[in-house]
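For reference, chains read A, B and C in written order, and residue numbers begin at 1 within each chain.
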Amino acid sequence: MKEISELIIPSELRYTKDHEWAKKEGDRVRVGITDFAQDQLGDIVFVELPEVGTSFEQGEQFATVESVKAVSEVYMPVSGKVVEINESLVQSPEVVNSSPYEDGWFVVVEPGDISQMDSLMDKDAYLELLKGEES
Amino acid sequence: MLKEFTAQGTTSLVMEENLLWETSKKGRKGYSLPPCEVPEEEVEEKLKREDLPLPELSEVDVVRHYTRLSQWNFGVDTGTYPLGSCTMKYNPKINETIASKEEFTAVHPLLPSEMVQAPLRLMYHLEEMLKEITGMDGVTLQPAAGAHGEYTGIRIMYAYHKKKGRPRKKILIPDTAHGTNPASSAICGYDTVKIASNEQGILSPEEVERLMDEDTAGIMVTNPNTLGLFEENIKKISDIVHGKGGLVYCDGANLNALMGVVDLKKSGIDILHLNLHKTFSAPHGGGGPGSGPVCVTEELVDFLPVPRVEREGERYVLSSDYPDSIGRVHSFYGNFLVMVKAYCYILTMGRELKRATELAVLNANYLKECLKGVLHLPYDRTCMHECVFTDKGLLKYKVSTLDLAKRLIDYGFHPPTIYFPLVVHGAIMIEPTETESKENLDRFIWAIRKIVEESQTDPEVVKNAPHNTKVKRLDEVLAARKPCLTGY
Amino acid sequence: MRYLPHTPEEIEEMLETIGVGKLEDLFAPVGEECRRDRDLDLPGPMSELELTRHIEGLVRGSRTSHSLNSFLGAGNYQHYVPSIIPHLVLRSEFYTAYTPYQPEISQGTLQGIFEYQTMVCKLLGMEVSNASMYDGATSLVEALFMALRIKKKANTVAVSQAVHPHYREVIDTYFETRDANVLYLPYDRESGRTDLSSLAEVEGLAAVALQSPNFFGCIEDLDAASRVCKEMDALFVVSFTEPLAFGLFRPPGEFGADICCGEGQSLGIPQGFGGPSLGIFTTRMKYVRSMPGRLVGMTRDREGKRGFVLTLSTREQHIRREKATSNICSNQGLCALISAMYMATLGGQGLREVAGLCHNGASYVKTHLERMGYEAIFSSPFFNEFVVNFRGKGKEIYARLKERDIILGLSLERYYPELEDCYLMCVTETKTRAEMDSLIKEVSSC
């Protein structure tokens, strides 16, 4: 397990309390799980993604991530419709471990209300959350 | 007690062995059959099977194959197997001999009852004895394993509430419960509401009171719980649940701690399942077959599965004339040959079952006392038949519970249950059972001490364990990422 | 007591170490309100000799398949078990072990089950098998639940009336508390096969389940059923009670079954008064993550050596809890191992020969009964079971034969009231010509 100081937390992203990240890309949002999440899970063996076209509310579960001995639910940072899913995760789930913010993205959504991004944490707030969880 | 032992685990000549199809040679034959004495009948072409590509082996090939495979296994007969909540006690051989009698093995379940009085009589009397041991009023032997018994018991709960005209939606399940508990409830259609244990590691009546309502069918408890602690508030809790019209289900996997001491019905339990392959010495078989009888109070007897064994004077018959029964849960009557072994065990032990319980609890407390300076003990008080430690003492050496378990193998022990219950960090759940001698326990304690020492002086030997086994640590990540579930 | 190794001195020492005076003190947490009012009132304790005598008294007069000439089938079959199997399976490293949680010391069980999974797939023509379920009935229930999980928008399953009546009872028990519906499909009175015609109007169908050979012994038209399932976008589930049929007949996998499940008792497991038996469960790889039960997979250890582990465990109850694919934990592991030993011993050729003996014997008996005017009522091809109508004389014939230690078969009236005076008969490789002729002779003299 990494120390908090070793965790990668890119400053241009937004974060949720359940350790998802969201990245604004024009009028769309790309979603994945954070370095902390992948580190906690250990070697990821399977990712279950929704079908393109399905819609979710903010906070609703849209995916699951599995390691050998555990399953974690992944929740939507913003409400929206899934327009792209990362098919490469089917063959290579380990990419989530090695590249959680780049190649290991989960879905791209068309948000219903882009202002929901403002309700998410920025890098500093997320770091505070992690420090709080440690103690 | 700083006696030095030699490690029992050693290396030896352990034979390699192929997969069956790797040994297969076309034309080899391992069987014999009598010639056909009647005319041969052809099967129509479009239905006829073309080929059946199973391995072709001689009898010697098959015998060597499985003999070698067996040598790679660790069983209770090999050594101490303190797997928490599994009660790996000695499996008596007389039970195997008796269960092999043809009056038990070579019997069709649908023969007329007057021809099969032996199995029916055995089942009836086993039920009677289980009632006596548990204090309950009715028994079904149909469920084929503990989880199957849990489903059956929860299904009875459902039927009870339905008959009362007020089907309920939820069941309370402690955070320490075995995973089969919520899974069985979910199969029945219930939502599970998690109830946390208190700082003493047991359920508190106040918490039950807070969560129990008229939409809750009942509570599923395990007693003793998976921390090895007796649920001291069980009677109060049962009263609260009953007060709101609910029922109390007890997972009886840990009955080994209670025989001859506790009256389950008196403590407020309405439905209870047992594990004949745990408490009652039937072997575990490498993953079954088990047997999970369910015991109920008088009020619930009518809901028991059918058919039921009835006694009419000196004759025993099967009857399905129970309109409120939940129906069948098994194709026939359950795992009968497993019942035979439990029956033999109970007759062998008689009232000494209480002694077995006392010594099981003695063994666990002895281990707890001797290990509490070595491993971190979260609940430092009298335990029942098992005790649970955390990995707090190991983590400072960067050694995990898993590493400890693997190194124990080199010392000739099967590891205890690890990482369960989930509420304990890096849980190590040790259940010695009553069939382990003091010397075996002392050796186990010595081994744990050695390993904790090694964690400080030579941690690599612990982190890379086991060293003496046929295979070393296996890549479970690869197995999950690229599942290879058949050989050809 | 020979299973309790403690001497009085050792008990003293241990109590002292713990810091209590007597054993009773260890039960201090158990309050009065939970305590028994009296001592255990049980027979025994018995020595081995006493227990043996007791059992001998208990079994006296009880009948077995060996002392009877029985033509009973109906989901439990009398087959010959090669003598090496009891010897091998009673190696205590197999039967006194538990779930292979520590794979390094369980490679025997794990490789054994991996081989079982592989061979059962070959037998059934399927892609992946689990490590076993309790029996054929609960396997079928699990198959239906699995279909409902996969076809999320569907809420109905169709099950043939020609599936074993006990299996249908178990389905009813499990489905009564669930939101889904079970639709039972009638059978055709002439052929004995399932009538699929009513399926066309059904909405939200998750699965169609047939048994083949079915309860009447008839081989179902799996081609037709497979096509209907495709049209309805439902999963095609084929169940069985007699897997030896697939020594002779094309297996369900070849007809596109999505799930093939059933009872494996015929594969070397004793009749055992109905249990333990073996729930076989197989499916296609694309559905593997929805499959219930344990799975053994092949992998490598850190030195590159081949080894086996339990895998895809996140489907199971100890991880997924209420969202698991099933609640199953202990299954019928040792029985799966027995069936693997049986398949390894007989091989493809041996299974074909055993199946041939069964089929030929059944055909012989059927033919001779028909010559006496007792028709086999269904016209479909069969394996080793068939239904005979005894034209009002069934009870009399049954009783007369029973006096001569011959069991005619299973009376079907209580399961299918329309099949009055009909008996389900079964012939296996254990029947000699003399035994078959004895039945025929006794029936003809009624």
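Heads up, the rule we're going with is that contacts are C-beta pairs under 8 Å (C-beta built on N, C-alpha and C of every residue); 3 or more make two chains touch, one makes a residue touch a chain.
The structure presented is a predicted model; accordingly, all values stated were derived computationally and were not measured.
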| item | value |
| --- | --- |
| Nearest-to-centre chain - CA centroid comparison | B |
| From chain C, the most remote chain by mean C-alpha position | A |
| For chain B paired with chain C, centre-to-centre distance based on mean C-alpha positions, whole Å | 20 |
| Chain A and chain C: spacing of chain centres that average the CA atoms, whole Å | 45 |
| Mean-CA-position distance for chain B and chain A (Å) | 39 |
| For chain B, residues contacting two or more additional chains | 476, 480 |
| Touching two or more other chains - residue numbers and ranges from chain A | 46, 66, 68-69 |
| Contacts with two or more other chains, residues of chain C listed in rising order | 313-314, 319-320 |
| Chain C to chain A touching residues, read off their complex | 289, 313-314, 319-320 |
| Chain A partner contacts - residues on chain B that touch it in the complex | 419, 476-477, 480-481 |
| Chain A residues touching chain B - in the complex, by the definition given at the top | 43, 45-46, 66, 68-69, 93-94 |
| Touch list for chain A against partner chain C, complex | 46, 48, 66-71 |
